[in-house]
Amino acid sequence: MFNSLGNLLNLTTFGESHGIAYGGIINNFPSGVEINLEKIQYELDRRKPGQSAIVTQRKESDKVKFLSGIFEGKTTGTPIGFLIENENQKSKDYDHIAEMYRPSHADFTYDQKFGIRDYRGGGKSSARETINWVVAGALAKQLLPEIEINAYVSSVGDIFCEKPYQALDFSKTENNDVRCPDAETAERMIARIKEIKKEGNTIGGTVTCVIKNVPVGIGEPVFSKLQAELAKAMLNINACKGFEYGSGFCGAKMTGSEHNDSFNPDFSTKSNLSGGIQGGISNGMDIYFRVAFKPVATILRPQESVDKYGNPVIVEGKGRHDPCVVPRAVPIVENLAAFVLADLFLINKTRNINQFK
Amino acid sequence: MFNSLGNLLNLTTFGESHGIAYGGIINNFPSGVEINLEKIQYELDRRKPGQSAIVTQRKESDKVKFLSGIFEGKTTGTPIGFLIENENQKSKDYDHIAEMYRPSHADFTYDQKFGIRDYRGGGKSSARETINWVVAGALAKQLLPEIEINAYVSSVGDIFCEKPYQALDFSKTENNDVRCPDAETAERMIARIKEIKKEGNTIGGTVTCVIKNVPVGIGEPVFSKLQAELAKAMLNINACKGFEYGSGFCGAKMTGSEHNDSFNPDFSTKSNLSGGIQGGISNGMDIYFRVAFKPVATILRPQESVDKYGNPVIVEGKGRHDPCVVPRAVPIVENLAAFVLADLFLINKTRNINQFK
Amino acid sequence: MFNSLGNLLNLTTFGESHGIAYGGIINNFPSGVEINLEKIQYELDRRKPGQSAIVTQRKESDKVKFLSGIFEGKTTGTPIGFLIENENQKSKDYDHIAEMYRPSHADFTYDQKFGIRDYRGGGKSSARETINWVVAGALAKQLLPEIEINAYVSSVGDIFCEKPYQALDFSKTENNDVRCPDAETAERMIARIKEIKKEGNTIGGTVTCVIKNVPVGIGEPVFSKLQAELAKAMLNINACKGFEYGSGFCGAKMTGSEHNDSFNPDFSTKSNLSGGIQGGISNGMDIYFRVAFKPVATILRPQESVDKYGNPVIVEGKGRHDPCVVPRAVPIVENLAAFVLADLFLINKTRNINQFK
Amino acid sequence: MFNSLGNLLNLTTFGESHGIAYGGIINNFPSGVEINLEKIQYELDRRKPGQSAIVTQRKESDKVKFLSGIFEGKTTGTPIGFLIENENQKSKDYDHIAEMYRPSHADFTYDQKFGIRDYRGGGKSSARETINWVVAGALAKQLLPEIEINAYVSSVGDIFCEKPYQALDFSKTENNDVRCPDAETAERMIARIKEIKKEGNTIGGTVTCVIKNVPVGIGEPVFSKLQAELAKAMLNINACKGFEYGSGFCGAKMTGSEHNDSFNPDFSTKSNLSGGIQGGISNGMDIYFRVAFKPVATILRPQESVDKYGNPVIVEGKGRHDPCVVPRAVPIVENLAAFVLADLFLINKTRNINQFK
């Protein structure tokens, strides 16, 4: 169904940046799963504003409250409703933009499509919506305990983490504010973001995600291939401009003899340019993909723009904004990937009669 | 619904490479649309094998037959069933691979997931499935006559079409076999493909797609953003490894002051790094995106692999295969994009009460 | 999508009888609809427990709180989240049935299906869930202001309202506790329910619903016929055992010459045994249907039953229960019908190109 | 998705009465199921026109041809495409009604909704569409070999089969043309239909369906209850006017003490007024329901009607029509029920983590 996430495991959400609350309903989550609420809050805390010097200083406690579907510590198989209250709503910050269209924001398109919009903090178009996705993904992770999902910042502007993911120690991702497991690169990224922030500017970056221990068989050809479901989820994240998996865009420069992954006798492959997916179905190798994020559109500088009547105006970002989204995007990418995998994992339980004969 | 395309306008398909026929059902196509069958066959002919020296020499007439939903030249609003018969089924070509797992093919994953597979020509995993998508997309184009969709080959291996799309004349795309509107680049691409073919090898490439005249308001935040639906569709195409739109991965290197698209008084934007989409909704500017394709896995050289028991075997591509998929991918990308747009266009007709008051 | 209501206009809900709250998300509700919150609360008050002597004396204020999707009195086209807090949770009332299976309740089937259940007040299987449906339907009514939907109690046990609906004045439905617009019949129904209540017993009944001013064309053949969507919605109501529309089961006794509805020159029909629907599509005549409800399973008498281990036990209803559900079912049927109509109404906006050319 | 059948196991269909062919695609059917094609054709033969003196004499061989999804006798898990060609298309029979609106047919509503219709034999509104449903249901039966589904004609006009289903021998259902297992009642039903046919009239009836050996746990509260999915499917059958299960409309006259089904120590119930379903979930007892069918609208007598301009006309049924649909409805009801059960059976495989831990 459009405007909800997942095919069988399903997430529907609500909430606007400066409304009363965000929340959602996770439908068709299996019964009997023990839920660790601390782990869910941990993921929210990773996404939370105000956690470091290089993200927005906006303060929100972002505590999730579960309203149904969990009984005596286990899921009951009935819909899981959850709520995150908005605390820090300085609506006044936004009165001045009620009739303005900010460059590269959704003000104009929402007004045109719906004829009305909640302009406060971008309303529905705010990236605060992703808080709901983190809750759902963190639950999905608990459905698939054996699967390891690690995302990290692989570039900020033109500073790239040159090491391949195999050379990185993901236990170090949380050791620095930018969430790049390579300490030396992290330092340079942080310096770059601080510099950009001082200029009242913003900068883009990329997040790489590596998924280990996915069982063979996850993904639904021909229209719900694993990579297609991942791409759709990622492209729904605010500011995302691109997705590639396995060899990605580099693979388009290669020849077949270079690109083919030959098999070992145990059906693992010697190389993994395929990125753990063949024909839309997981093959048991690591799944890895990269997501591109544009620089945040809100900059703390005067910009020429127009109001809703087409009159020239000067807009200037106020309030507290992220100079670079990628550090906070890391938990969003990870948990969103977990949700996509859980959905396809459940579907796969229905695809071969011999599983339940 | 998983394993079908589209949310409201819906395509379900069937068919295997060496089965009796391909076909599909287009559900919820509006009534009253005049259908030009020649235009649909034209798109199929662009995708068809054997049309030039740089694609597979496999011969198929690929004639589509409509079985329902069109009456006296117009759609009736009832399901449109269509059929394309398979003609050229040299099943024997494939007997030798019945128990083999070809490198970077879906043989292993299908066997593992389903416990059975039609191995002839890759069966369901064959890219011949895309013939169904071209039929559906070509119909969708006739629902949106005002929208112009032009795809072209923007790279083959490391040969890139350096000119921006604005500098290209799309009326020239069909003037050469590789479908690059820049004649000089096309020549070099064709030479490269012929060279690769002579070596029994294959090569990757990219396709760029430009969509003009999309009305403002198409796309459904928060989970069916226009770019997300496009990405999902494209990543379902066989051999696709990546998708980017607007500034794409380059945008991740930029700063906000460079990247923001400022408005003109008529709400068009001075630059268009956003790629015609803001907040998941079309803003009236050109929509453009790029799709990466890996090199075809079937190469006409001996490769080490394993059979379904894990025993080492040598596989060698036989029969007639594409040395490079991108020339034939052009109509697939175009028509698939048309289908995605038509689906979201119809949904948009329900999103604002003032449209139908 | 299963476990949600509606195809395009979509309701997802959560909540258990003795949990923290009920609530839901209405997705894809069009923008620009002025919302009258009093009218929504009015429908909830009609459904509310404790409103009269012949319904349960359980007390709940059942106040709905909207959390998103409505801005400055109008819908914004973004998801509408709402919440109804549970107040009156005497969980202790239910401790004694934690391991018991009550006759004709869902205790056994939930335990078997999910391996766990929230037993308090029936948990998810409680009819309190319908509070969510009333909220969604009351919103849907405001999308279709011209359509008149009137349900009423047409029988309690063997006491029937003999008058055809055309002879009834629906403005009188709310004049009595049982919600039968025929005062004399209402009195007898009320007396019967009081008598049954005194016996600690319960009784069944039927609700008839009449829908006027539905535009021609609502309903989607072949798998989402208007009557099929209504039937599905009604059969999801707790205790519902049957649905018939137009001539219903009586029509099965008739001949074609008796049953056919002949046309007037204005395309209205002289008779209306079809119940306002032809081929699954509304024809502009009154739509009417009848819904059967079994007697409430909880009776205030000792009954032989078994516990989860199969041991014989005696269960006796405690707490406050409805002796007859039909008076409170009236607003549920009405609002549920409104939601189904609104969903199909929106879909119909996409089915004929000439509507938006 | 609207206009398709099933939530996870999915059927999409096409075809018009006098088009080239009917057909459909069954999506998400599990792999590894051995398919007996004879059994599928057997169900089609039971539905076929011209099989006895009391059904239409229209002749069609109704042979189904499978085009994909079955390989070496087993399902592959990929979409199953099928085709039934139309043979007996006397389009001329219908030229005279091209502009006429037949009483109690869908001519008017289709024209109004879609602005165009294939008028030949009712086009899409023809009950011939149900041939697709029988194919899909017959396949679904092979997914659930242990489940026994038996439907039979329980009334024709005012002639009822008075015996409860428990007293009937379903092996005798096919022994007579009307498909009532009680020989004596069958004779009276047949005589009544012949009499009605002689008068050029038609008559209604009911079909009862009994389903044995359904495992406990099938059905999805709260919006996809087993009875709700069955009701939706049945109300989509042409001419269906009502559905009741278990005690049905009679249950609405009963008291709780009469209606409750008390448990045996093995969790079976002493009585079964619930009809094998509690809280929308199968409880292991027999599931039984009854479906009402109105008399066929086409009668071989002159009737006053109007044309599309509102001018009075006389319509008179020509060609070959059923005097009573219920004998041919029996296999439709049975196979449609099988499809609904298979869909919910597959969904249930995903609802409890302990099933696949």
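We just call them A, B, C and D in the order they show up, numbering each chain from 1.
The rule is simple: contacts are C-beta pairs under 8 Å (C-beta built on N, C-alpha and C of every residue); 3 or more make two chains touch, one makes a residue touch a chain.
Keep in mind the model is a prediction, meaning the values are calculated, not measured.
Looking at the partners of chain A and chain B together, the chains they share are C, D. Looking at A-C and A-D, the interface holding more C-beta pairs in contact is that of A-C.
A straight line joining the Cα centres of chain A and chain D is 46 Å long.
Chain centres here are Cα averages; for chain A and chain C they lie 39 Å apart.
Contact of a single residue of chain B with at least two other chains is seen at positions 1-4, 8, 13, 28, 31-32, 77-78, 113-115, 124, 221-222, 347, 351-352, 354. Taken together, the chain B residues at the contact with chain C in this complex read 8, 28, 30-33, 75, 77-78, 143, 221-222, 346-347, 349-356.
Within the complex formed with chain B, the chain A residues making contact are 1-5, 7-8, 13, 101, 103-106, 108-110, 112-115, 124-125, 129, 155, 157-158, 196, 201-206, 216-217, 219-225, 227-236, 238, 240-249, 251-267, 269, 273-275, 277-283, 292-299, 301, 303-306, 310-312, 347-348, 351-352, 354.
By the touch rule above, chain D contacts chain B in their complex via residues 1-4, 10, 12-16, 19-21, 23-25, 27-28, 31-32, 65, 67-69, 71-72, 74, 76-81, 83, 113-118, 123-124.
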